[in-house]
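Shared between the two complexes below is chain A, which has chain B as its partner in the first and chain C in the second.
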Partner chain A sequence: MVDLKNLIEITKKIVSREDVRYVVGYKKGTYGFQIMPAFAYTPEDAEDFIYSPVCSKNLAVYTILEEKLPLKRGEEEDKRKIGVVVKGCDSRAIVQIIQEKGLKREDLVLIGIPCKGVIEPKKIEKMFPNQTDLIDVIENDNSEYIINIGGKTHKVPKNELLSDVCKSCEFPNPPLYDVLLGEEVEITEIEEFSKIDELDEKHTEDKWEYWKRHFERCIRCYACREACPLCYCKECMADTLNPQWIRRSVNLSENAAWNIMRAYHLAGRCVSCGECERVCPVNIPLMELNKKIERDVKKMFDYTSGLDEEEKPLFGMFKPDDPEDFIL
Partner chain B sequence: MENLVLSKEKLPEMLTEIASKYALFGPIEENGVTSFKHISNSQEINLDYLRSRISPKDLIFQQTETLFTFSKGKEVKVNTPQIDEAKRVIFGIRSCDARGYSILDPVFEGKREGDYKDPFYTKKRNRSTLIGLSCNKPEVNCFCTSFDDSPASMKNVDILFTDIGEKYFIDIVTEKGKELIENLGNLFSKASEEDGEVRERVEQDAINAITRHMNTEGVVEKLEKMFNHELWQKTAMRCIGCGICTYLCPTCHCFDMQDEATLKEGARIRVWDSCMYPEYTMHASGHNPRPARMNRVRNRVYHKFSYFPKNDKIFACTGCGRCIDYCPVNIDIIDVIAKVKEAKI
Partner chain C sequence: MKIGVYVCECGSNIASTVDVDKIVEEAKDLPNVAVSRVYKYMCSDPGQELIKNDIDEYDLDKIVVAACSPRMHEATFRSVLEDKGLNPYVLEIVNIREHVSWVNSDKDKGTEKSMALLTGAVHRSALMKPLERKKVGVIHTALVIGGGIAGIQAALDIANMGYKTTLVEKTSSIGGKMSQLDKTFPTLDCSQCILSPKMVEVNRHPNIKLLSLSEVVAVDGYVGNFKVKIKRNPRYVIEDKCTLCGDCLPVCPVIAHDEYNQGFSPRKAIYISYPQAIPASFIINPDDCLGIDPLICTKCKEVCGPEAIDFDMQPEIIEEEFGAIIVATGFAPYPIENIGEYGYGTIHDVISGLDYERIVSASGPTEGKILRPSDGKIPETVVFIHCAGSRDPSKHLPYCSKICCMYSTKHALQYKHIVHNGTAINFYIDIRTAGKDYEEFYQRAAEEDKVIYIRGKVSEVLKDGNQILIKGVDTLSGETVELHADMVVLATGITPSEGTKEMASLMNLAVDINGFIREAHPKLKPIDTAIAGIFIAGTATGPKDIPDTVSQASGAASKACGILSQDELEIEATVAIVDDSLCRGCGMCAEACPYSAIEMQVINQYGHSTRIAYVNEAMCKGCGSCAAACLNGAINQLGYTDSQILALISALGGD
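Right, the complex of A and B next:
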């Protein structure tokens, strides 16, 4: 359990520092189980900060999302640090961006949270639909979530609500942080991301049928891209007009091109936070693509993304014994 | 007009009958996502939904529309595609989404002097008969009543079906609706006084089940003075800039036009655009009138609650709640408008 008082105190201290602009954390949302990203500019703002098992958002995205507008005459760029509350996968995303030189370590203050896994919003909203009032969720020591709704307490086994990606998470503790809140989490059991095996065994035609059904539904809202901390290209290949890699027409061919190209661009980079799948408004199982590539990368190159800021990114290095039997 | 009832057992028969005479569209569920699709077999339809994930806006204002095609070479041939002329029936549309069409009408139907009448939209719209289906169980973020509407509203449909237990109560609203019903033969029976009472009760229960409300009183005037308010920057800080709110919205209607070509032929297409994207209305010069996320978030709120009501005397929001449900960062339009009301200026 994350001690809330401790989280708020630490955030206050960090935000009071002269070299820090703001700290990004979580606060209560507007209804039901909702939480929202919160920005603390002052110690008072930090009073709203919370952390609970419903805090699934990967806040690392805010380190690369801010738009730098042209400076007005006489104006100087605010180069102070940004603070971010990070779980295991969020921290890995930041490590990965640092490896790729997209961020500088010294520009960040990281409040690390040893993560016991997060609740999948879609699952909890299905189990307890139509909640207008704000609801707190607590995890007890018995691997259960305690949910208090209208005076009635519900105990739900953790496994029923846990995000699928969390079930197969090997790195719940942030590899990079400045302050760590609480003790590191011990990894007890990891489930294999089983859907990949099922898909692997299928014939190519059946695989295509499967993905065709999903890609046909894509509405190209690019929520997967925007929610992803590792999609930070200044100009996305989906937006370029000359050459136009992906046409604007929304149809199976272009949708498939978009989704497959995005998956490949995340090869050796995806940190399995699951945000893309979580935000997808048409339920495309994007993590099945990402996990499959993650597994192949591990098998072929013995490489795991986002663990060591000093390491080189997978596609930024070459080893003489790299496998090459897949090269035509 | 006289009210009718249809026993639920006869619904498949009715749908089959409609499908044989018209192009029938209705809610279909795929992988947990409900959207409106062309229906050939009444079995496909799924009425056990509250609100379709994708709004039926795309049946009339398609996400991708081919405006014309052209060939390459010295003698360029331009072909205008045939616009779908089939008479359509959209079955199972909710009152909020039907209201969405009424909000889109002034944009595409060119009723104001000098406005362009869009043939793609108007042809599909005029050839569609809307059979509404009352909402019996509104969802947490439904707030249609805030716009003087109701889950069983007859305002924007041709016929309204209301589930009253064993049967559907049928309100025939327009001449178009009457024509359709007459075309379907002897499936219906007269509604009794009791049926009418049940229908009223169902509507009232649904209205009472709506828990969230938006107070729009004075919002247009307030927004006039809030263009530079800090609320926009504060809200935009957490916006990640995806297009979910605009693409799921039944009234968002911005589009982009592009030429897409292969080696031999090409097409000019119209696709949905989103004011949440940085390239939205970007000028060829490189100048961007809404350079920051703040400008874009503000634009979406202003378009719905200031510009649109000023031009067309109606808020461009139906209270369907999709943008609230699916926003990845809980930007909640009810909350935004409440903050507008509270804001000190």
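Right, the complex of A and C next:
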């Protein structure tokens, strides 16, 4: 368990530094199991910081969402660093963005958290629906979540609430950090992301039927894109007008085009944080697409994204000795 | 907008598997198509006239030609458009020959595919825009890298055509590997005698600047305008002052291996690699000399009459601009110590082909007597093993080194000419004598001079007392062969030299799987590289004999002069363009660019200093790699913009 006092102390120290603008972390939400991103500009702001198993949000997204507004004449660029609280996958997202030169390592201060997996909000809301009070969740040493609702304590086995991507997570420890809170997590058991095997075995037409059912529901809110730390193009291809790759109309053809394009643009880049699926209001299993491509990339190129910030991105590198045996 | 569609029958090449009349009729219904015609040979004069007349009559502003590959006749049809005052870039070619008729036998399907491609092209054509070819100036000087026979010939040819040439050589003298050879096949004329007049000519030619002990360390720029940095290493002897008197030799206390003689003889720390060396000046090897740092010995300086010795010489960087570059960086012998079973490096009397050249040479360590290295005796039996390293894909070089059959034959013949009673045995896989008078040379060796040829590969070479035991198989009789010899000469294979590898990576030149520089086209552009203005000559592209090397060098020189003789060069208009507002400065495009045409620039964007990709249009070849690599879709290739490609794809999909 992350020592909250320690987290706040460290955050305070970092925020107090002259070369740091702010630190992004988690704070309590307004009701139910919600949490919110917190921006600590001053040491006092850091008092609100929390960390618990419901802190599923990938805060790496805030490093690239910030808009660079035009500067007034004579105004200096603010070149101070941004601090971020990162779990394993969040850190990998940062590594991936650094690889793609979307961020510079020296512009970041990373507070690493060895992650024991996060609770899937959709699962816990289903188990304890319609909560109006703010509820604390704690993980005990016996792989159980202790949930206090209205004075009543529930003990739920971890596996029932754990996010699916966490069950198959190979990298719970941040590969890149400046400070690490607590001991590194030991990787015990990894479940295969079995759903892709099931899908792989299906006939092409059945696969299409499966995805058609999901894509038909898409309302093109682009929440998947906004939550993804690696969807950070200046202008998304879904928004361009010349050429217009995808039309605005919400129908199966355009929805499928969007969802497939989104998945392929993450090929060799997705870090499996699961945010896209988590935020999808119509429950499209987006991670199945991402995981399938992740596995193909691993098989074809023996490449795993977001582990070494010095490495080149998969589709930005060329190896003269690449066997390319899948081409011919 | 009025589009003219022209479908070519290409005799029966296209018409036999594509219903051309049908697609011509259907094309008339495509949007913006004003006229659609078929002709037997569209590329012929009457075919071209047809298009020209239509441009006048129908006032066409876009042309779509469905014919062969644009690699064949794009230039032809572009000139048709230009003749009629249209921009050459509003031409679209649909390849219905190589992409349809030649790879398909079903006429219905061929017609269907042709129509689909034509429909896509017409839709794309509507979005095509006139493009402008830009012009760049030309610097009228050439750079030749490598002072072997290839570099010497290329530099001389360019200089004789009247252009200033800089010849850069890494070592202390030009001449290269050829200067180490004794005689040359198939005429047996003395290598040094035919080479040194050319070396002297390089030295005295008013148009040639020779930079010895120099290395190219950076190449920037583009065709007609290369910016090159050359590092000149110190010789410690002032070239112009040295008179080659040799007074320094007796006083120098350092003895080192003589590289020119393959280490078979000693030399001093101050030396000249061979008497005919150009520049004709001594050199001090700083690794051997005691005097340079720290100052312990100054004996040579004390005796040097003309005061030519300068221990304080420093490396200098020369920056110059050139219009064209010729890479003639040559080869290195395959490291035959890698072939453990042949015993090179462990058995004294197993030597390489180049070792043998020095031993047999009159200017060599034995003054032309064939004496074996171990005990200085005349070998009575010499075995020449062909393909030492070559044609061995599993362990060594997969390719044939081309010259070894001939030089081993020459070696055997030279031996027989000197040691009349001796036995010369060649072990070969195949005898390859593809060259003028080569077969006759081999016949002469085998028949007149009684050189023995055994077809088979040697499996092992062992030391046996004073002699060498050779074990192998005669593949003609199928019997195993075991014989004793006094000396073994390995016909060493050819590999790209370090300099070749360095230059390839420095200039981003493509290399083949063996590390040799890749030609722009193996048959039709064997002298060009993928980068305009950079040419290749000699063994940097692969094994070659001297005549091939010299003719390639002359070819490269004339290619280079083709550029140097221009005042301006037109550059291709289908270049990449960057949308500044979308570029986020990651530089992935610059890394993907095989022509180094993209560099990152920092601009002020509303007060923020932002990195932006900048395309040097003169260097861009329009390959599209950057556009594909750009994560943000900020790069488009003119003539093949995303909008045009999407229109084409949409039309193919029937939407």
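Criterion: the second predicted complex is superposed on the first by the 319 of 328 C-alpha atoms of A that agree within 3 Å, B and C clash if a C-alpha of one lies under 4 Å from a C-alpha of the other, contacts with A are read in each partner's own complex, and residues count from 1 in each chain.
By definition in this document, a residue touches a chain if its C-beta (ideal position, glycine included) is under 8 Å from a C-beta of that chain, and two chains touch if they have at least 3 such contacts.
What you see is a predicted model, and the numbers here were worked out from it, not measured in a lab.
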Superposed partners chain B and chain C on chain A - clash or fit: fit
For A:F128, is the partner it touches chain B (first), chain C (second), both, or none of the two (neither)? neither
Looking at the overlay, does A:G32 come into contact with chain B only (first), chain C only (second), both, or neither? first
Once the shared chain is lined up, is A:Y210 touching chain B (first), chain C (second), both, or neither of them? neither
In the superposed arrangement, does A:F301 touch chain B (first), chain C (second), both or neither? neither
Between chain B (first) and chain C (second), which does A:L71 come into contact with in this model arrangement: first, second, both, or neither? second
A:K57 in the overlay: touching chain B, chain C, both, or neither? Say first, second, both or neither. first
Closest CA approach of chain B to chain C after superposing, in angstrom, is 5
Interface residues of chain A shared by chain B and chain C, listed 69-70
For the complex, give me every residue of chain B touching chain A. 30-33, 35, 53-54, 63-64, 139-141, 211-212, 234, 237-238, 240-244, 246-248, 256, 258, 260, 269, 271-272, 274, 277-279, 291-293, 324, 326, 328-332, 334-335
Quick one: which bits of chain C touch chain A in the complex? Just the residue numbers, please. 581-588, 591-592, 606-609, 629, 631-634, 642-643, 646-647
Contacts from chain A onto chain C in the complex sit at residues 68-72, 75, 77, 100-102, 233-235, 237, 240, 242-243, 245, 312-313, 315-318
Using the touch definition from the top, list the residues of chain A that touch chain B in their complex. 29-32, 34-39, 57, 61-62, 65, 67, 69-70, 129-132, 213-214, 217, 219-223, 225-227, 239, 244, 247-251, 275, 278-279, 281-283
